[in-house]
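Next up: the structures, one after another.
Below, chain A partners chain B and then partners chain C, in two separate complexes.
Coming up: the complex of A and B.
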């Protein structure tokens, strides 16, 4: 177990393993995306209230749900950095922050475009929207904190602490729709019954899209982490060999 | 399978029942974000390796110069 753990922490090992996994992950992502998008755009029946704007859900919900994973991910990586000083964990934490900011922004913008018609407003200070905006600013905070501190070790420690504290907001986002019942609808239910409020022909493609965006998240994070490894390990023999043979 | 398509014509599909702007802007945003997010790291990787290679070549050259006392570049 500990051998496996220390091996996983080795940037070289991760670089080689992720290189083997990436083509498969990209293949699965592409397949799920094609199925999900064609299904969402062509086959999902229009909602009886929202009409064709229901198709926005298949982009908005996957991005919004994966956005919630960034702070827990950075907190776990940060804890590993603080306790075991694993280099790889800090690299993941560093690359996750800007990626999280983009994903959160896309969730906010797509939600805003959706709401502009069905709610009649682009923005409202509703609990869900406000806590999501707070997450966006927290992520910007983590990014600036890292670039502001010149001592890289101090920067990664400070970011780790901020990531752990930032997890509180994830709970606020999650339960905001139950605490403040203003405009954003609560999470839907998945049921196989034909007369359920969310019939399978609506939520099955959503599950496909959620899985596709999870794969997209994994691919993006791995690609960015691999670059971070190449930069930080540039003095290592294996990176020099890689550069010479490129 | 095709009888389940919700649109009767291509123009009907683009019109999205009057929500063309909302639906298509979100999907366009997604496609742009998706493409950039995959292209940028790939370009960045090439750039990192190129810089790395240049640094190694320069280091190699200066080592040779020091050892031979010769100023001509190989």
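Coming up: the complex of A and C.
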């Protein structure tokens, strides 16, 4: 277990392994994305009260759901950085922050478009929307903090601490719709029961889209981390060999 | 695990726990302010002063909607099935607006106990289905309640 753990921490090992995984992951992602988008846009029945606007949900929910994963991911990577000083963990943490900001922004924008049509407003300062906007600003904060400190090691430690603290906001986002009254509806349920509030024809394509966007998240994170590995290990012999052979 | 690493992990866990606890207490103390809207029952209990700008959340009471024929003026009651707030509004309503639908209304109470609204927003629940499924559910009497659009308490 510990051997595996320290091996995973080696940037070279990760670079080689992720290079083997990537084509498969991209294939699965493309397949899920095509099935999911075609299904959601063409075959899902219009909603009884929202009509075709409901199709925004198939973009909004996957992005919103995955954007909650960034702070826990950065916090785990940050803890590994602080405790075990593993280089790879800090590279993942660094690449995750801008990606997280993009995913959060997409969730906010798609939600805003949905809200403008259905609620009658682009924005409202309710618990869910405000805490999600806070996550966006926290991610911008993490990015700025890293670029503000010149000492790389100090920057990665400071970002690790901020990421661990920022995790608290994830719980606030998740439970905001249960703790307080909000304009945003609570999370829907996926159930195969006959009298379930959401029929499978509505939520099965949503699950496909969620899986597709999770794959997209993994692909983006791996690609960005590979770039970061090459930049930081540019003086290592194996990177030099890689550059000469390609 | 080496002792100095165990110590660092301990410090991190302690800081995270302490901060979560502090944030939790803060949010608990602020929960009244974080709530987006008042319920008709809170207004009936006199929690809101006349003229204070607030939001009211509730369902549009069945049979209460009256629209003027020569203007955009509408009247309806917001209800939480315990108390009602009569609402006056002049303007465009969201497409989703209808009797039995959840709404969040911005405005202020006037001296007569009428709520003069400046904006009406529609609130919907987390149950999505096609019109056919909705009709079938209603026919069988198993229609899921509009849970989340209904204010709590």
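Brief remarks follow.
The rule we apply is simple: the second predicted complex is superposed on the first by the 244 of 246 C-alpha atoms of A that agree within 3 Å, B and C clash if a C-alpha of one lies under 4 Å from a C-alpha of the other, contacts with A are read in each partner's own complex, and residues count from 1 in each chain.
The rule is short, and it goes like this: contacts are C-beta pairs under 8 Å (C-beta built on N, C-alpha and C of every residue); 3 or more make two chains touch, one makes a residue touch a chain.
Here the structure is a predicted model, which means the values were calculated and not measured.
In the superposition on chain A, no contact is made by A:10 with either chain B or chain C. Contact with chain B, but none with chain C, is seen for A:244 once the two complexes are overlaid on the shared chain.
Look at A:45: by the touch rule set out above, it reaches both chain B and chain C. Contacts of A:106 after superposition: chain B is touched, whereas chain C is not reached. Of the two partner chains placed by superposition, only chain B is touched by A:60; chain C is not. Once the two complexes are overlaid on the shared chain, A:183 sits against chain C while remaining clear of chain B.
Once the two complexes are laid over each other on the shared chain, residue contacts for A:84 go to chain C alone; chain B is not touched. With both structures placed on the common chain, the touch criterion links A:124 to chain C but leaves chain B unconnected.
By the touch criterion defined above, A:224 reaches chain B but does not reach chain C. Residues common to the contacts of chain A with chain B and with chain C across the two structures: 45-46, 117.
Residue ranges on chain A touching chain B, taken from their complex, read 37, 41-46, 51-53, 55-56, 59-60, 99, 102, 106, 109-110, 113-114, 116-117, 216, 219-220, 223-224, 226-227, 230-231, 234, 239-240, 242-244, 246. Against chain C, in their complex, chain A makes its touches with residues 45-50, 54, 57, 79, 82-84, 117-121, 124-127, 161, 164-165, 167-168, 171-172, 177, 179-183, 185-189, 195, 197-199, 201-202.
Chain contact summary for the complex, chain B toward chain A: residues 4-7, 13, 16-19, 22-23, 25-27, 29-30, 33-34, 37-38, 41-42, 44-46, 48-50, 52-53, 55-56.
Listed in rising order, the residues of chain C touching chain A in the complex are 5, 8-9, 12, 15-16, 19-20, 23, 27, 31, 34-37, 39, 57, 93-96, 101, 104, 119-134, 137, 142, 144, 148-149, 151-152.
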